[in-house]
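In the part that follows, the structures are each spelled out as structure tokens.
Note that chain A is present in both complexes that follow, paired respectively with chain B and with chain C.
And then the complex of A and B:
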């Protein structure tokens, strides 16, 4: 897949074996299937299973589902599952990449102002009433995307200019400052327009809301570009992890690698946030969970994070839309509910010197 | 100093309309659930006189309420969609006031589920739930296999409505304007969508008469200043503004809305200071909100309120949330009660 056999820094053989890939696919498909089978409307899971089978070429079975039930499975449940797959995968890979590039296990995809920027953009869109657009022309995701892009751009411009090439601390600090500023502006607007509080708040909590395939189509190009870039940089991240000089001796320019990865991860996070709001913890806990199983090599962590992040979000979304049926829990609440305890556990392991 | 006024703790939690609904729906609804819509015919004739007892008994002879819904019907709804409704056998109102209208149109037996805001009539609140109208999910709603869904413009999110339309369910959005004409307009729109325009016309006309006959004007110096507060616990106090359901009601009952003094359009979190400046004589609150702070005594502990004229006189009017804010079919009776309450308070303050 890639030519990174020059030198191994990790003691473990950091190769994506076919066994690992197969395992990741099995977990992902199992999550998709479970999410298709269960939902707020009780449709007999065995019939849905037959219905899924009948869609494979060469198999013709009558699932016994009514037209409406078929539509619920394929037009309501599936788009949402696919969106969860993309968003979960993006957040987890972005998190893994950020953690690699900053060499900081606590880095998450919303670092550098993505969340605050998206929040401000979304708030402006909601307040100005521009959220009634149709499908892919809906102003809210566009505004959220622009907001986070602007916030990250300011962070990079300021942090990058101040810091020397070897320092990421100034970048992180710039991110904190930009996030505070954007959040302050957002809160100010929100207080002035208290009528929109509810909408802003429900957006902030995150929700995989789909209307057919519009959202999936909207996010797909950004997801593809950012994922390809991040996947192709995973080997370079490993080299970077050893040290700048080693990297230079191997012909890798650390500064450039960092900028490319930060750019791609920010694009991934911004596009995920744009369609689904702020979904907490996926970007932190998934890469760490993967590390606990396969070790710290980014060659493994980055691609496997995609599968596990996707599966995690698909399954948490299943809980979000069924636990309180007919109401829907904000998915950010569910991910945080499972994510926060796990994160504390990881922290504890880390303080024991395991990670 | 003012012993009489301090005793005037007027909490008029309205149960207006209880009569009319117990007369026209509670008993019949249970009967007609088994036998579909057939008994409706007799009820329609029966209930028309009991609906608004105070209205002039001369019923417009040109309007003959439908015995059965006339279907299919094709309408253009409030957001410009053209929708054909083939059956009203399984209705889901997405909003509490719409549910109230459906029941008032004698089609309550056909309602299969309601949203959380449907608190009146009691039968509506006992039906299976679809969640809250602002955060609907397509799948649970589709599970009820409705034949028609009716909501107001706050129904959403839009994506859910799109999903429902794509699944083939007619989604009708009716106007819900917070104006004197709003409630009647809503009734007519719902009735049209359900194939019973004449039943709606009758109901709407009667309500319009009640509204007009209960509109009152005070002399300028007696005109009470009214603050409509939306309260949820001691942390949330919003003053409802000019676009709220309460604004025209306050004006029609002869009051002056603090929203005009404080220049509030939607609603606003308010500081104790600006509430004091507006000097409200009357506080108008949804009763659930008043309960959430522990009644009048709790409300008076909220910053600034106890020093206002309304707080000093304990002039607090509480009405059921859906009645006060819903702009539903009971609005005529609400205005009648509100006007009477305002008159009482004004005469009490001028007597002292």
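And then the complex of A and C:
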């Protein structure tokens, strides 16, 4: 009897069940739909709903939307939603992966210098006037991406060289040092060019503004590559979770797994940052929320984080663009507003042995 | 068959010569020289901190030694990654803390390394895993999660997991020290079966009954040195060294 009860409590799904996947899809789909229906320009939601329906194959109804309204739905709201989906998914999966690699539930996708590097790159692009805010050839995302790539590369080179042992601590310390250095340089440049302060600041707070589909197209290849790699390594992370020595003694090479995951997660974070600025907390709170529901197995946490991260960012962006419309709140402010309290809640739970 | 014959007639599986190992300034192994023959079972005894774990961990390169040579199954352990990989795939290790993969079922724990490292097809790996679980006496637990098993059962899964890689040598570092006394015997029985089946084994343990009954030879270490080597009979009835006598008087 007693034994049975114990069994039920501890039986957590070890594999992705179709129920979980279906649930994740429903949440994501609902978030997309809600974000399509509402926005700063008020268009009757029932009409948008009909408009969405009319796009399904085999259904022809007249939604009654004007051409401009149709354009708002399909060319303004939808690309922004898709960008939120990609960025939110990337940040959450990168966060889950970093947390798996470092076996530290508070690891963050910006950990190894991604944020500071992107900040410096973006600041340079802004103060030098290289950015024109125009789509795919704009210098800003490229500079941000390069900045984070360089920062992470330095972190890995320094931390990896120092850390000849199996420890990840030197990598984390190198990340902290590199981030401080890049932030210092960024602050210095920004102080000298105070006229652009506002622009830099708004970039740092993060935003999902789009010019049509350009950003989506830009980020898509990097997103695809990094997600495929991170998804395929999720089982390996579970192996690392137990301990280095067990893995080694079985002939599994934890180091290689770690490098691959760190590389992919950094690519994901850097490409997300490049198009959307520094959106805080998604990479920490989403994997945690998922863990609270399905347990700690990375084979569940990593893929589900994608759906929940995507949904979370789509919905926070809806808040960011409607709460104070016509003004937009920086999305980073909204994620932090919800993220920080949740984070504190998680910290408290930690002492209860949840994580 | 007495141990001398095994050692004399069979080729060396493990050969350590003048192995030195430092942790910073502290020398944990001092000129350790010993051989272990194919199919031989050697129990390593010694007080806490004497370097037993360090030595056993050097043999599958979880620690690197700094001087001397360690040859395992004809391959010398150097910094050459290929050698290390070859050795690790031939040497199974069971730790005191039986860290099973908590999110994997017992069966998946056992099949994981064969599937990943040996690229064994899933079906084959599972057939093999079930045989091993049968061998360690828990065929009915295959679909459970580790947390649903007792400590003794978990340690038996850990043994099956190591055996799934078909090692030629099994290293055990205090495999029963973390167990409830009631569960020690079931694990020792599995190890005994393994020894009878001809596995080459190096076992660090405080279980004197096991040492007496199963070991071909006993190696006694203290302060990073091998003090005395001999058959269980010699060791328990007629030890030569004073340090051995003192150790035995403390534990027996």
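Here are a few things to note about the model shown:
Here is the rule we go by: the second predicted complex is superposed on the first by the 337 of 355 C-alpha atoms of A that agree within 3 Å, B and C clash if a C-alpha of one lies under 4 Å from a C-alpha of the other, contacts with A are read in each partner's own complex, and residues count from 1 in each chain.
Note that in this section contacts are C-beta pairs under 8 Å (C-beta built on N, C-alpha and C of every residue); 3 or more make two chains touch, one makes a residue touch a chain.
As the structure is a computational prediction, the values presented were derived from the model and not from experiment.
In the overlay built on the shared chain, the residue A:77 is in contact with chain B alone; chain C does not reach it. By the touch criterion defined above, A:209 reaches chain B but does not reach chain C. Shared-chain residue A:238: touches chain C; no touch with chain B. Of the two partner chains placed by superposition, only chain B is touched by A:68; chain C is not.
In the superposition on chain A, no residue of chain A contacts both chain B and chain C.
The residues of chain C lying in touch with chain A in their complex are 60, 62, 85, 88-89, 91-93, 95, 99-105, 108, 112-113, 116-118, 144-145, 147-148, 161-162, 165.
Only residues 39-42, 68, 71-72, 75-77, 132, 191, 193-195, 198, 202, 209-212, 321, 325-328 of chain A touch chain B when the two sit together in their complex. Chain contact summary for the complex, chain A toward chain C: residues 6-7, 10-12, 14, 238-239, 241-243, 245-246, 248-253, 295-299. Those residues of chain B that touch chain A in the complex are listed here as 129-132, 134-135, 137-143, 145, 157-160, 162-163, 166-168, 238, 266-269.
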